[in-house]
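Below, each structure is written out as structure tokens.
Two complexes follow with chain A in common, the first pairing it with chain B and the second with chain C.
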Partner chain A sequence: MTKKIKISINGVSVEIEPGTTILDAALQAGVIIPTLCYHKDLCVAGNCRVCVIEVAGQKRLAVACATPCEEGMEILTNSLKVRNSRKHIIELLLSEHNADCTRCYKNGNCELQYLASEFKIMTQDFIQLAPLKKYTIDMFSPSIVKDDSKCIRCQRCVRTCVELQGVNALTVAHKGDHMKITTFFEKAMSDVVCTNCGQCINHCPTGALVEKNYIEEVWDAIADKTKHVIVQTAPAVRVGLGEELGFEPGTRVTGKMVAALKRLGFDAVMDTDFTADLTIMEEGTELLTRLKKVLVDHDPEVKLPMATSCSPGWIKYIEHMFPNYLDHLSTCKSPQQMFGALAKTYYAKARNLDPDKIVSVSIMPCTAKKFEAARPEMHDSGYRDVDYVLTTRELAIMIKQAGIDFMKLEDMHYDRLMGESTGAGVIFGATGGVMEAALRTAYELVTGREVPFENLNIAPVRGMEGVKEASIIIENPLKEWAFLEGVELKCAVAHGLVNAGKVMEAIRSGQASYHFIEFMACPGGCLGGGGQPIPTSPEIRRKRAEAIYAEDAGMPIRKSHQNPEIIKIYKDFLDHPNSEKSHHLLHTHYTSRERF
Partner chain B sequence: MPGIKLSEKTIGIIQQVCSDFRNEGSELINVLHQTQGKLGYLPAEVQEVIAKELNISVAKVYGVVTFYSFFTMIPMGEHPISICMGTACYVRGSEQVLAEFKRQLSIEVGQSTPDNKFSLNCLRCVGACGLAPVVMVGDRVYGRVSPQMVKNIISEYKEGCVSEAKSA
Partner chain C sequence: MTTSYQLKRVDFIFKNENDWEDVLSKSISKPPQELINELISSELKGRGGAGFPTGLKWKLSSEAVDDTKYVICNADEGEPGTFKDREILSRVPFKVLTAMAVCGHVIGSKEGYIYLRGEYFFLQPELNKAISEFEYYCKEINLDFKIRIFMGSGAYICGEETALFESMEGKRGEPRNKPPYPSSYGYMGKPTVINNVETLAHTFTIFKYGAKRFYDLGVQYSRGSKLFSVSGDTPKPGIYELELGMSLADFVDEFGDGDTKAVQVGGASGFLVPRKRFNETAIGFQGKLTGISLPTGGSMMLFNSSRSMFNVIDNYLEFFREESCGQCTPCRVGCQQLLSGIKAVKRGEKNAQYLDKLMRLAETMQYTAKCGLGQSVANSFSSIVENFREEMIY
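Moving on, here comes the complex of A and B:
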């Protein structure tokens, strides 16, 4: 064990591990130092200077986030010098920021605004540069709005795009007072390699990067008496929404959310978990078919490993970065799009509704879903399958606008037909969840027995490790799957696109021999999605994951193929998994895109 | 940015430079330096080829190109003129010198003359503050430049004979 070092913070002496930054040491000692460019998910940049502190004997102030503690350091975080400097630094940041707070989408959830409020910046001692400059507002993307006038160049978005996602759509360009956060040749976000994952939004401290919101459009649809507005909610929303409405991270608010949606005036409240279960049926069948074609028929056209296709950020990533590997993707649409296609066909027919009058809304932890819904091929119902996609944050805004006292709501249940789900559908919201759900069903389909894991919990694919691996040896399969006898089914799970990239490189170089891989664009899976409440941190992701698995454990049915509404839809409408009808409505194709 | 289609030959030149630096992303600055030396400037299409060869993002290449004033994304004249706008040069009148260059050549900063003989740019400090204000034409440095000297400096290059005596 390394010897601890002794320092003092504001006169209180503390012992800490060597190498600890002053920021972390202060936190351990119960002293909060304000930060801005610092984020727990990202490398230290030390460029905003908000966390300046004084070290006795040193003339210059140091930045707490980037300075390691040394033996005997006497640190002052609240001296007159520190306070004055910090205030000036915040004032300078504000002088270059379009502080039109009351008209800002981030009003009330802006870290710069918090700092200005905390330090009571009430004067303008510096020349206001923001109004003197020309700024671009990029609104071309269906997912992301980038307003450079709000940008303070902390570079959290750039670090996110590079370190967490390996996408590198954003960069720091030019220098001095011309320096800005932009794309290649300042193109629109919709014209570059951006995957619309929205992690930049989730990490932006100000209103420079926000989701394109469709709140008013949805209010209009609800108010239109000629429309039937149906809403679906993704698995991860129920473990995130509470954070926006006064609950602690990790609180499950499924029943309250359903109640709130009904109060908002949606005509039917359904669950994306239902189509998550449907995805398992379709994707599981596709996997087994592919295995047969490769292992028995030796069909060179059929590719393994098969990759999941639920995450639209991941889809756009592979389309840009590995366009030669698109035939490895499952042809299954994401649960959102399966739901959309069914809402205007199966649901419309069952409820005797004119599909033209149905407005299909989805609540997603995701901004890439907005892009996905707008893809030209997503019209298999004969209409746009999903009309509007709202993030968890947008739903919270609507709930607040409607004056609903969320905490006091009585739990309610989803409507029937496409509202029943299983534990397998719920865990889609966590990294490894699709894999776990798929294995629960596929193993049982092939062997007639439950997966050989305690309580159906496939622990190796759970947790926050960037790339996880698991394998199951298939023994004593049913007669029709006899060719799988003794086959070791090798699986991998990657979340965060930087990890997805690593797995894809391993496949390209021939080092990986997986059969099935789950890819999720966002760290932690959908529960850490770009549309989830801000802030999201490693700790908050862990709590949301715990909530997801608790939700699963509490479900009476935990395997997709046992969902009674799934059994019903195959009986009444789709015939069987991968039928002609499912291929038409539930499967899709992909587009090769440029990286350079 | 007008779209330029690069010739096979130009692409070959860029690929050669990249392979001279083992196609390593960490050699980006060297690759850009050499490529600009061979092609004169670094437009979007050139940056795209470099990104592809080094397997790095185009946004990163763009970030580096725009950071260093040495790199240019527009074609330079045969004799690129750079006026230092650093603090020392500025306070000693480089702005008036720049104005005179603009007037004499009838071009703005960042442009080239129609015959492509001269282009005009500003830079920040060449490390010769004692000679402020400083002007560079190609690799040559002119010190203590006054607006009155501008005409003579230009004419040196117009006639194609460079007088050694006048350069600092």
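Moving on, here comes the complex of A and C:
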């Protein structure tokens, strides 16, 4: 227990832990200091200088985010000097910023706009520098639009790309007035290591980084009477969407979301959770097959550990960073793409529709899904499997545009055929969820008994630890799985690509001996995805995770293989997991990519 | 207190002394504390421009507990109008190397680096030769200290100590947040002493002749001598070692061309002093003589009446607009605003009162920029606009 130190903030004395920054100390004392380059997920940069404060006796101002408190410090957060300086800094930022707010995608959710509004910057005293510079808008990526004219050089995106994701697609180049955030050799975002994860979007305070939106295209499709427009919603959307529409973080809005989608005019509203369950069937079977081939047949061609393939950001990451390890990836498509392939085959057949007339839309917490849907191999139905991918944010925009009073909506249910899900499908939205769902099913398939965890809750793979490990010893398996007797199934879960990189390095160096690993590109898994509502923070992600697990706990069926629609699709269409048909529609291959 | 201080030439730094081996072996036979005390009592302050007491700097690093520590010689001499370090390194490199090794002995470091300005690439071969000779001797006396040259790449900002560390670590040269300071968290996160080339050369003098010889030079708060890089409208440009504390009037008497209108003290990031203030301005550190006392990295630029002060500040601001590292708002955008602001006033697009707005902005830049350089970029602007306002407008 260290001794607390005494400081005063605006004349009020407070006791705080030594080492606390002025920003945190002020917060504890109920004083809010405005910030811009500061983000709870990232290291402290201290470069925007918006959080300057005055320390009595010092001529220069200090930044609250980067300065630790010292005994006896007298801090003023609202002195004349502070106010004038802070206003100057905001004015400077605005002078360099393309402040065409009404035409900005982030209008209404922009931290610079908030600051300008708070400090009532009503005049434009300084010379506008933004129009004097030649800026480019990079629209080449199918997922991310980068508009340098709106960049305020806070480097949050750079820190995100480095610290959270370990991708380093975004970097700082040049100096002085030419200093900018750019990519390797200033190439387009589509031509660099960018994984399209969209975390930079989630952390950008302005409109410099936004998703490429397909809202108008979807409206057009809905308006086209010749088209049958169907929509799927990913697990994590239901615990994020509410934040955009007036609910507290962690509010589950599944039923309202379904109702809203129906009101928007979609012809069928179905659930990606259904194909999440299907993924478990396919991937679980693949894992067991691989285990058999390695343990019994000693087939050198078959690689362990097997890695999940649901997260398209992770897929592009491994394609760039560890191209020699693509054999380790499960061949299963992500739930979105499984759904897409089935929508224009299974669903079209069952509903007697011309697949050519089906427009398949997905609502995802993710920007990498936009890239994934556009991959050339994702045409197994004979058409583009998923036509448009919208983020949670884009859906919220559509709901608002349609004038739907979301709060007042009555809950509705998903449509049949591909709308039934289980708790196992829902938890795909949280880090560790795929692992937990897979273990619930695989263990039961092998032993005939439920996983030996209380209430099916596999606690070791839950939570926000960057890399989680778990192992289950298989005892008394069914006869056909006898070779697994006594095998300790070792699993790992990594979320955030920087953690994924650590696990991959451990595999490469031979230190890790896992059988099965779940990788998710985004911190917290899909619930912290790059398409989720902004802002994000560890606290918000924790609340969304609680909501996911609450949704799971409330489901009548919590194991994928018990989903009646899953049982039905295997009976009517796919025969059995990893059948020839499922290989054709539900499995894929990967492409090795260069780093530069 | 008196200002009747005559200009005194000193000859320490470039004095040809071939006894560095003696100074080295004698110094490292002394306990670190004794050497630190010597430095502290000499009142030597950093000669790069900031003027931090050198003895205290060494003391802090010697007290830091770590197996690995570094000694770095900052030879990223980038301030416009400064060219003294180049001369020191080419004429008396052994003084600097010796001082680095003694510093290593004092703080417990086995590794030294010379961060050499990119444009001084031509110094490298000779300097490397000196280093191998030096290290050969170190081996003879069983002193474990290695010195390597790290070439800069031409960024002005990398002269700022923490940006220099970042650059050495292979990262983008951007200043860090302080605290922590280099004495506890420097290069590679290890305790580091980073000194200007000239500062190190002065410590050689102190170790050789004792603190008193050095202390007796100069005036209160500004002890010792200093190299000045004299340039501009002067009949005798060059490098001169002078005692600190002189008045600017005496300096101009000696170096001016008879028509000196103003002197820029301390390079582009320093202050411009107009003729009417020559008498009341002394050159040194924070001393309270009759007037202002200006610290300096040693650059003295003289301007005669044929010079337009608008062009001078325009030139400086162009430099800073380009050489700001670009990370912090006040420096990056501030420099652009000051520059486009004075141009707009000159062209009549903004009225003269806009200069007042810019002056307040300059003040904000001084208060809020992240690093020492960012805090001082507006100095020349403020002092020129204050004293030559009419030249900015008409």
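Here, the second predicted complex is superposed on the first by the 596 of 596 C-alpha atoms of A that agree within 3 Å, B and C clash if a C-alpha of one lies under 4 Å from a C-alpha of the other, contacts with A are read in each partner's own complex, and residues count from 1 in each chain.
Methods note: a residue touches a chain if its C-beta (ideal position, glycine included) is under 8 Å from a C-beta of that chain, and two chains touch if they have at least 3 such contacts.
The shown structure was predicted, so the numbers you read here are calculated from the model rather than taken from an experiment.
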Partner chain(s) touched by A:K59 [first = chain B, second = chain C, both, neither]: second
In the superposition, chain B vs chain C on chain A residues touched: C
First, second, both or neither for A:N168, with chain B first and chain C second: first
Which of chain B and chain C A:F596 touches, first, second, both or neither: first
Residues of chain A that lie at the interface with chain B and also at the interface with chain C: 172, 174-175
Complex contacts: residues of chain A adjacent to chain C: 44-50, 52, 59-61, 63, 66-68, 81, 84-85, 88-89, 92-93, 95-96, 125-127, 129, 132, 152-153, 155, 172, 174-179
Contact set on chain A toward chain B in their complex: 167-175, 182-185, 192-193, 595-596
Of chain C, residues touching chain A in the complex: 155, 157, 172, 174, 177, 179, 320-330, 332-337, 340-341, 344, 350, 357, 360-361, 364, 366-370, 375
Residues of chain B defined as touching chain A within the complex: 1, 44, 47-49, 51-52, 56-63, 66-67
